[in-house]
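Both complexes below contain chain A, partnered by chain B and then by chain C.
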Partner chain A sequence: MQNNKNSSKLKMQASRIMKSKGMGSFTATLLAILLGLLFGFIVMLIASPANSFNGFLTMLTGGFGRLGDVFYFATPILMTGLSVGFAFKMGLFNIGASGQYTFGMFFALYVGMMWKLPTGIHWIACILAGMIGGMLWGFIPGLLKATMNVNEVITSIMFNYIGMYLVDMFVTNNASMYVPNLTRTGYLPTTAQLPSLGVPNSNVNVSVILAIVIAIILYIVLNKTTFGYELKATGFNKHASKYAGMNDTRNTILTMIIAGGLAGLGGAFAILAPTGITGSSMTYEPINVIAANGFNGIAVALLGSSNPVGIIFSALFVSHIQRGGTQVSSFFGYKPEIIDVVIAVIIYFSAFAMIMSSAVGRLLKKRSRKEAVKELEQTLSSEDDSLKEKTEV
Partner chain B sequence: MDVIIYLIQNMLPVAIPLLLVALGGMFSERSGIVNIALEGIMLFGAFFGCLSVYFMKGLTIDPQLILLIGMVVAAVAGILYSMLLSFAAVNMKADQTISGTALNMFIPAVTLLFCKMKFNSDGITNSTKFYIQKVPVLSDIPVLGPLFFQKTYITVYIGILFLLLAIFVFYKTKFGLRLRACGEHPQAADSVGINVYRMRHSGVAISGFLGGIGGFFYSVGVMDANVNGHTGVAGFGFLALAVMIFGQWKPVQIFFAALFFAFLRTLAYSVALIPFLNSLNIDQTYYKMLPYVATMLVLIFTSRKSRAPKAEGIPYDKSKR
Partner chain C sequence: MDNYVIEMLHITKEFAGFKANDDITLQLKKGEIHALLGENGAGKSTLMSVLFGLYQAEKGKILKNGEEVTINNPNDANRLGIGMVHQHFKLVEIFTVLENIILGVEPNAMGVLQKKDARKKVIELSKQYGLQVDPDAIIENISVGMQQRVEILKMLYRNNEILIFDEPTAVLTPQEIDELIEIMRGFAKEGKSILFITHKLNEIMSVADRCTVLRKGKYMGTVEIKDTTKEELSRMMVGRDVSFKVQKDEPNIGEVLLSVKNITMPSKINKKNAVKDVSFDVKAGEIVCLAGIEGNGQSEVISAITGLERVKEGTVTLAGKDITKLNIREKTKTGLSHIPEDRHKHGLVLDYSLEENMVLQRYWQPRFQHNGFIKKKEMRDYTEGLIKQYDIRSGHGPTSSARGMSGGNQQKAIIARELDKEHELLIAVQPTRGLDVGAIEFIHKQLVATRDAGKGVLLMSFELDEVMNISDRILVMYEGEIVGELNPKDTTVQELGLYMSGAKRSRKEKGHAK
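What follows is the complex of A and B.
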């Protein structure tokens, strides 16, 4: 009997953990990821059945062989993810992370190439410039939202296009940055490059540490400061928080500035990184295409349920399967876009994964209730038996 | 005069996709669902429309008939794709912006994946010519003939037809009235026996129908019947959302808003042909940004007093009556 009681207590605790909100969103995310991967597997199965199983395994595990690169490619999307997630906390959808990212990239590139600064200070100045560029591009949609009630989704999408065209124009018109025969800018001087962490065979640099520190700071700001509290309160109920005396206008503008700065930092981290992969960094190619890392940031933020710490892990996950995706394409002939498809499917499901997981939870609960009833019946019947025995004695 | 004729001839094929997609957005939002997936729906329609054109290239049938078949394919594809949104938004009560964004991200990746596997390129390239030099008889009318019946696409006339149809359905039918009620006060609509869920499903389905056709018409009228996974529909779905807001969720105003945006875009791409603008010597890029900047300005001036459907974006919950 004693044993039974203990085990039921344990079960109670376990169910309490399972019922908690964080756990719920975690299982929901896992469910969405599972469905997304399943979809990817089906696509692979249709495209080339013979390689599908090995290809799928490579997609899942390929990143482990190149952990340094996983961290390297995770850094920019971690920053754009934080940008989108932070704005989400206030109920703002910052779909303009791409434009802010591109602007940050340009500001960092400009300071890196046009300013002569001593070693050790130069790259820090570049990072700060990138942050300011992003802040600028986040500030305007925030201001318009706060003062003119302009829908921030549409403004920031328009700002993606405007920013992309502007930066491409600035770059091509700047004779000392742009190299016409390469159709891209020259390479950044070494003083402007981020210090490498020195991990052999990888491009991982100091920015990943900075990004993780920033994520933790954001976590503290959101959970331990008045500003963070007001921000979340506004996200839950705009009218109630206004009624409680919170300055809605100021908070909206401030949130968008911070979100823009985070995305801008992402752009700076991406372009200032020293890398062995030619063309992926240290130079900008104006091709009139909106930066994909901004949109990947949306995926990362949603997967991390807008929690800064969760976003660290979701950025690593997305980067991990992207690395797997490049390996799948080079070894098995699948196209790397399959990863983008998988990520889109994951987001689609994560939009209503909470409801799905609660449905699954209800199903499990029903079953466990049935089991409990059965147990109760058993114990009752055994007690009956013992009673019978007693009476017989 | 030649310049004006040229601008209007080129403006109409650009205006029609914007008009159709914005009308689609209107049907969806007036039923209570924010449809940010219009961009994705457009590309989905364009992709399947162009694919069907590609498969019909060997046939010796009139190109205009091919276009009509492509349109039907695009419409069906658009409806099917939009059902993913209405399933998430209506049945699963999901966040409409997030599911819409997922749909927007999904189709460019699929287009690239498919085209790289099948054609080893970034998109589908067609050589079928849908261009109409002159509409018989009508093109000889002075002034109107050159403006509306020369060097154009059949899409322009179909688009106007759909506009009239949309106005009729929206204002003159029981369905239109019920749809609008669901976007303003779904609880009230439900209390008089209207099935809110079904209305919202149909609103999104109509937006899929118009969005798919709009996407195909974009690729016909703007991209010469090609589709590309990288550029997609160049933000036209989002521009259409702005057109819809500028048009205050009303069909006739949306029509004029679409013309306004299309005019700006055409102007931007024909600067070299207009002596006055060309002599100003402004960087081409500024003109390319013009439609987007104009969208911003228009939104700034209209958003203050704009009246979006009251219940849009809020999942309908029967138990919260």
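What follows is the complex of A and C.
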């Protein structure tokens, strides 16, 4: 009996620690990542058992040798991650980050190539143009959702395609942007390129700092402002937010505009980056493919629990694994496709394990809530009486 | 000892160190109606779950006819002849009455369902006990009262001898309650034993033979009903004296505050109108109650006034201002406070903390925000004030999650929020649903105090005691119309029941009644 008591006490203490909100989601994320890594390792083991261990080690550590690139490649997915995560806080699933991202790219490219602006202002104008492009592509699904209750998942998926094909068409039809024999756009003028951070052998530029600042601003907006309060209230319980007189229509549209703007910024940051060769820059290839960075943003957002600060770290993690992966394929003879599969497995298993663990977490929370309630010797109303739920079994 | 069919001796059940049941003894005699009384959270449900095999007690034993038995799951309970009518019925909505009754014990020959014998048995049982049902009706089409009869027949079909009724009267009209009580008496006469869980003292006094009282998981004693009084029972249950009669003086009625004119609202479930051309007034300083059986249009009237649904036809005027088409925020500003029917759906953001919920209607006011930034300190101080004033209990004060609070305290929080905000009219929809007597007493006092402060109160309630005790005027709704306007002083619960069931009507719902 004594033993029993002690163990139940221990359990209670353990569950108290686990119950603290930040700790809970942090451990959940770590567990998710471990699970993802495990599955990734299994895929590598199947593909080439001999190299699997060293290969896997390189995958985990390779990124550390190229930190500049880790930050560089983290920037776009950080932005699309913020886009998805922000909309998710209001209960909207912005699966259209790819389209918004592509539109942002195009707007940024257009201003970069077609407008002549003074040095120092040009690249800023390009970034703003990218943001506006993304906002536009977020606004339309938001408007349809708010006014006609059209499911934003469906519209934004369709808008991924519409956006991608439109941009491909605009680019190929524009003689001063498109270089037909290279099937890509030309280089941006240096005035439109983002200032590099000067890390050797890396494209990392000022946008990563901007992205992190934006993430922190979003965190403040969500947690300190009335707008964030309304947004989260709507995301948690749209009936209660309606009852409280919040303007659901306006907030839905605004959220989608902001989410679109974030993804559009991601596109702008990606396309405006200078490359290692002086004078050259990133280019857009109109090859009828939806931008993968948009979808990676979903995984990044999930892995970061839609928390802007968490998303900074999850974007870095995903980017880190991707950098490590590229090294594995060049050093250990894995086919690049296999490495892509492994990366995808790691990222998506992590993200899905995240969902699963949050579902498990909710269950645990519910249980501990029941116990906590009893602990406090408080009364449960008869309709949500948890014990009655049990009786339903 | 021999005449007890079921004995639960010294039952202790712990949850993570907290004793939900602490040394509880319950002895049920053959052929008696035994009430189990206690506030919400007193441990009634836990005790019944132990009896039903859903939980295993850490200590104590269960005897059936003097022999110790182990009950590990509901099937064991069933085999021992224990049956239960849950408060929320466990019926398959799209099945017929007969299919529901035989569910789980389907008579079959080689896997082929044999309904014929089952039907005969069900019809016999329903005749024998006066439980009228149509075996072929679909559950979702029959009344709540009939659904309950189906649940009872389920127990009888399984030859259960020990029948547990979990708050069976909560959903019934007074007439249906009388019928149920007759049926229960019939069972007792047949030698069946009944456990009757409730917190309504009147029903215990009228039907039970003995009563076991629990308080905060502890056994308070078992009393013979004929030797006790309502007051004594409530003292045992709550631990202090509770006043049942709400203390209130004559209303000091002022100007018309709320004027509803010719409101028509569509139904959500069919093409008919849920509210048909309804008009009424609420004046300053009075409590007007919308009474009626659930689903007769009261909720829709409330939604029309509060703005949760768009008004199809008609106008709503509050304090001289036409608010029919205003959005909810504007209505709130005009002086409307609203304790919503569903506190989890509308009243609270459960994932928010208590303090975040306390400013749900006011976060936009300059007091709580500056340039769009929420003043956290002001929010916390404000919440702490309300916690003190309204005695809202929660684990971590203002930062407790609303989800983790008990139903009674959640409701207190909503009431505190709605009463503290500037308002002329308070709309309270089922403000005491599912709460125990202590909390009910508190809320009733608040409603009366609001009235005495010269505000108008529109109350919607299914609890007839509440309707009769609290209101200054009763409007009875039946099938979307107001069929009666009654003064609680000149009417009886029985008469009210007749109006509610549509058997009687006095008020033609035409034009504008006073």
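Some notes on this structure:
Here, the second predicted complex is superposed on the first by the 312 of 393 C-alpha atoms of A that agree within 3 Å, B and C clash if a C-alpha of one lies under 4 Å from a C-alpha of the other, contacts with A are read in each partner's own complex, and residues count from 1 in each chain.
Convention: a contact is a pair of C-beta atoms (placed from the backbone, for glycine too) under 8 Å apart; a residue touches a chain by one contact, two chains touch by 3 or more.
All of these numbers come straight from a predicted model, not from anything done at the bench.
In the superposition on chain A, contact is made by A:Ile338 with chain B only, not with chain C. In the overlay built on the shared chain, the residue A:Asn149 is in contact with chain B alone; chain C does not reach it. Once the two complexes are laid over each other on the shared chain, residue contacts for A:Lys242 go to chain C alone; chain B is not touched.
Using the contact criterion defined above for the overlaid structures, shared-chain residue A:Ala175 touches neither chain B nor chain C, since it reaches no partner.
In the superposition on chain A, A:Tyr229 makes contact with chain C only, while chain B stays out of contact range. Of the residues of chain A, not a single one touches chain B in one of the two structures and chain C in the other.
Those residues of chain C that touch chain A in the shared complex are 14-18, 20, 39-42, 45-46, 48-49, 52, 54-55, 74, 84, 86-88, 90, 166-167, 170, 216-217, 306, 308, 327-332, 338, 340, 342, 344-352, 356, 360-361, 363-364, 369, 372-374, 376, 393, 395, 403-411, 433-436, 439.
On the side of chain A, the complex with chain B involves touching residues 43, 47, 93, 95, 144, 148-151, 153-155, 157-159, 161-162, 165-166, 168-169, 173, 289, 295, 298-299, 302, 335, 337-338, 340-341, 343-345, 347-348, 350-352, 355-356.
Note for the complex: chain A touches chain C at residues 5, 8-9, 11-12, 15, 224-227, 229-230, 232-233, 236-237, 239-247, 368-385, 387-388, 390-393. Across the complex, chain A is touched by residues 36, 84, 88, 92-95, 97-99, 101-103, 105-106, 108-110, 112-113, 116-117, 229-231, 235, 238, 241-242, 245, 283, 285-286, 288-289, 292-293, 295-296, 299-300, 303-304 of chain B.
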